[in-house]
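Structures for review follow.
What follows is a pair of complexes built around chain A, which joins chain B in one and chain C in the other.
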Partner chain A sequence: MSRKITIEPVTRVEGHGKVTIHMDDLGNVTQSRLHIVEFRGFERFVQGRPYWEAPVLVQRLCGICPVSHHLAAAKALDVIVGAGTGDGLSPTGEKMRRLMHYGQMFQSHSLHFFHLSAPDFLFGIDGDPALRNIIGIALTRPELAVQGVMMRKFGQEIIRATAGKKIHGTGAIPGGINKHLTLEEKNEFLHGADPLNADKMVNWASEAIEFFKNYYAANKSFIENFAHFPSNHLSLVRKDGALDLYHGVLRAVDAEGKKVLNDVDYQEYNQYIEEEVRPWSYMKFPYLKHLGKEKGWYRVGPLARLNTADFIPTPLAQKEFEAFKALTHGKPNNHCLLTHYARLIETLHAAEMIRELLNDDDLLKGELVVKGTKQKEGIGLIEAPRGTLFHHYRINDHDQIEMANLIVSTTNNNEPMNRSVNFVAKEIMTGKDVITEGMMNAVEVAIRAYDPCLSCATHALGKMPLEITLVNSENQVIDRKRSFS
Partner chain B sequence: MANLIKFKIDGVECMAEAGTYIVEAARQNGIFIPTLCNMAGLIPKGACRVCTVRINGRFMTSCTTPVTDGMEIESNSPEILDLRKSIVELLFVSGNHFCPACEKSGNCELQALGYLFQMMVPRFPYEFPKKEVDASSPKIIKDQNRCILCKRCIKSIKDEQGRSFFAFRNRGNHLEVVLDKEMGMKMTDELAEKAMRNCPVGSILVKEKGFAMPIGSRKFDKKPIGSEVQV
Partner chain C sequence: MPEKGKILVYGYGNPGRQDDGLGAAFISRLEQWIAENHFQHVDTDTNYQLNIEDAAAIHPYDEVVFVDASVEDIHDFDFSEVKPDNAKVEFTMHAVSPAFVIDLCRKIYGKSPKARLLHIKGYEWEFEERLTPQACDNLDKAFDFLINYLKTND
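Let's turn to the complex of A and B:
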């Protein structure tokens, strides 16, 4: 008898989603999908608002990584106020923003690893769900739980000092930043009481990598065979090929490492990226135009970034990067679960960057804002914790936003997440009479690796693909309505 | 020698010059009575009613009522405080006040009163009225979503001939404060800054200067409204 398995809600991710898995009479998985069951309307909300409100308004998409939206919008508006396309700010403006962003990266990655993912590693993906959560970690490994909380706190304090608030600050403004770091803040972050100082954060980030390496060594076969499939990978990289989470050029590589998007200027992103709407999800499916829908989809996020970058410009993270690259002999890594490994290497990089920036006196003094000849349109890209984030605005003659387009990190990962769900469902559930909670969690583990932010990703309005299906008690479809053509 | 008279606010003996409006007389005696439409240097109008007090059993606006000898004023009783709070709530529900993305957040008197009265959720349903944003002036944006019709801009923002840049338009529910299109084109930077400063909410914004003042340095970030009068 055919069956439909629903996992709802998907847990330990940001936002709300569900998974449906259809099985035929023989127990074969015929279709599996990650559905996003909420939608937001920010692209429409901002229309008519003065452009300088965008960084403050649009960041309300999210409470986990609002800094990413705040900065991506500010970068787009830098273009509009004539401050250049990412490298025209004053040293103070750029470095304060970078500090904010690396603080954000550090706290978000720490939250994901310690609070959301670690339960799967510590208790097993089929472990007791009553224990397989952050409370379970607090009960059995309190030192790890505290480490996660304190790492997040450190990152949040960096955000507070640069943006004005830990969540939804106002620091980045078109053309720069609205404040300096104070000497007291700098000293506190560098030399604060244990554990809240930059050196400790670097140490803890290194230890977290060791934790994952040990897990990897003990579960090598499982990790390498779990949701492993080839894909393209896309991210920003610095002009010299270095990992850069704040600014750079757009690069994509295929599963073999060949560049399929060769360091292009992201102001022209819409020449290269297209979005597809599918009727069963509020989330769009982006792809590289020149490769088409079938072959052009790509991954973004930590795994993709380490696959596109040539090196990491901080010493400890670079050492880990070399070990990571050696796993696949320098080729792109397509192992879904090794996204966690990549994420932790980025966490270490963020900690090192924070320490380096804090030693730079440009944070304490200097010009805050730069402006030039006003433009009507601007695009801002940033590497958010979950991947490449696109913000695009156009204004009218009266300084009001008349068009906004956001391609959010999780949206970029829509296709790979669905493929991961399908891969795991087929691998684990095919032919099984009884579907256990552990099997269903395995599907969630695949989604969780991407650290999706589903609330961020469902921002579209206007082209929103809503479909309502009416079925009778015999499960026969008697009516279907669509809100789009 | 000033003609000092005696009066009481909530039973506390006070003194002020005869003819002083209650809100100012209270201020001189270290007692804060909240206001929105009232502003130093302008003739009071009693439009917003936030400064309501009770005198001899009658509700009066303290910005338009002078103190008299022996007057007994009820100001901080639970009933009066709840009345003021309800007025603030009505102002919130009758406009579209979205504090999180408002440039005036932290400097906004309406928001500050919301905090002062510990307004969690308004007791009235939101109207979500459809309002316009006039961005045609090169200097300012007039956002009707946030306007509370206090008239402070109409009375205080004038050119050298005394002509006001702002005026009322329409009546009843459709009443709004609008910027004169022609005069708006001639507004100076100084007047634009003054208009934004004098607006108690975020209805008048100077163009292209949003969020330049960091969180933490705004007027009500550290001290609640009225704390300069009453500890």
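Let's turn to the complex of A and C:
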């Protein structure tokens, strides 16, 4: 009797997600799909609103990574107010925004590592689920739990200082920023009491990389064989090829490292990117137009960024980047689980960038906003923690938004996430009579590597357990398991 | 570091999603009341959601009151004690429950403040920065209740 396994919803993934795994009568996995209920109504919601409201409005979309939406919208509106495409701002405007963005990157990556991925490494993907979280880390490795909490707190404080407040920050405005950093804030971040200072954050980020490298050395075969498949990789890079999380040109490389999108201006993204609709999923599937649907899909996020970039412009992260690139002899790295390694290298880079920016007096003084000849259309791209984020707005003669298009990072990763689920399900579940919690978690480990986030779902104090349902070919539920209840 | 005996009232939710903004609206009103009444022993904080760093934020306090919107089957508001608990954690991607924060705080710092949850009934969750009239009524009642509670514990 054929079976369908449904994991719903996927735990530790914001929003609503479920996995369906179809098995035939012999226990072979025949098809696996990740369904994510993505809310696409936001584009219509902003229509008719004055364009300058967008950087604050978009934070209604996401209480998880509001800074990424805030900055991507502001970058699009820079174009509309005639301030250029990201590199036309005043030094103060650009550096304050970068500080905000690297604060966001640092806190988000730290949260992902210590709260979501490290528990799998410490306790094993089939370890006790009651322990397999940061509470378990606090019990067994309290120093790591403290690091996770304090790294996240440091990044959040950077955001508060640059965006103005924790909820609905207003820091980035069309054409620049609305405040300087104060000298007191600068000194606190640079020389604050241990551990909340930039030097400590750099040290802890380095230590987190060592933690992962040790795990990797001890589990090389598992990591390299888990959801490993070739793909294209897409991200922004600086014009000279450096890793740049705030601004640059759009580059994509194939699985062998050949450039398949050669440093193009992202204002023309819709010449290169298309979104496919598939009947079984609410979330679209983006791909590179010129390569077509079958060959044009790509990954975004930390792994993709280290695969597209030629170097990292901060010394400690560059050293780690060289070691990372050596693993695949300079070719793109297509190991799903090494996304965690890439994420930690970016965490270190963010910490170094924060320290470098804090030593720049442009944050304390100088012109905040620049404007030029108004345009009717603007596109803002940013490398959000989870990958490339697209914001596209067009306004009418009354300064109202008449068109908006957003492609979020998780949408960009739709196809690779589905492939990862399929890879792991086939590898782990084929021929098994009993589906264990460890097997379910393995599927989630594959998804979590991409750090998907669909926070358009309103948070509420509802329960969000992991549920697996086994359904036979007559649609009868033959088994159901919950991992948290 | 707060003085001994201080209470932290921590509201959370997204004000851009209608009644999900009850926590933030509550804190905004409480801050005004504290300023007008020169109330010394209460601090406030607010965010989109709770997360792991809040274990560090709450640990110096003697008591913390979390304030959140609720979709559960309650009448207008509910006030209950929060017990540390990691087994019933809502394991969504980037948000944790009050019980999780308390538990993490206890595991990291060896102690945690007394914790309570003020749960205010909400009704609508669309993209709008305005509470529904029913939620406003519930906010009024919950606010009066907590003021009395804070005065009693002054």
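Simple rule for what comes next: the second predicted complex is superposed on the first by the 451 of 485 C-alpha atoms of A that agree within 3 Å, B and C clash if a C-alpha of one lies under 4 Å from a C-alpha of the other, contacts with A are read in each partner's own complex, and residues count from 1 in each chain.
Note that in this section contacts are C-beta pairs under 8 Å (C-beta built on N, C-alpha and C of every residue); 3 or more make two chains touch, one makes a residue touch a chain.
Predicted model, so just to flag it, every value in this text is computed and none were measured.
Of the two partner chains placed around the shared chain by superposition, chain B and chain C are both touched by A:Arg60. In the superposition on chain A, A:Val264 contacts neither chain B nor chain C. Within the superposed three-chain model, A:Ala138 lies in touch with chain C and out of touch with chain B [touch as defined at top]. In the superposition on chain A, A:Leu122 contacts neither chain B nor chain C. Once the two complexes are overlaid on the shared chain, A:Leu291 sits clear of chain B and of chain C alike. Looking at the superposed arrangement, the partner reaching more residues of chain A, out of chain B and chain C, is C. Once the two complexes are overlaid on the shared chain, A:His168 sits against chain B and chain C alike. In the superposed pair of complexes, A:Val277 makes contact with neither chain B nor chain C.
The contact surfaces that chain B and chain C form on chain A in the two complexes overlap at residues 57, 60, 168.
Taken together, the chain C residues at the contact with chain A in this complex read 13-17, 20, 24, 46-49, 51-53, 55-57, 68-72, 86-95, 97, 100, 103-104, 107-108, 119, 122, 125, 127, 129.
Those residues of chain A that touch chain C in the shared complex are 11-15, 41-42, 45, 57, 59-61, 63-64, 66, 108, 111, 114-116, 130, 133-135, 138-139, 142, 145-146, 148-150, 152-153, 156, 166-168, 451-453, 455, 458-464, 466, 484-485. Residues 48-50, 52-53, 55-57, 60, 81, 163-165, 168-171, 173-174, 178-179, 369, 398-400 of chain A are the ones touching chain B in the complex.
Looking at the complex, you find that chain B touches chain A at residues 100-101, 103, 133, 135-136, 141, 205, 207-216.
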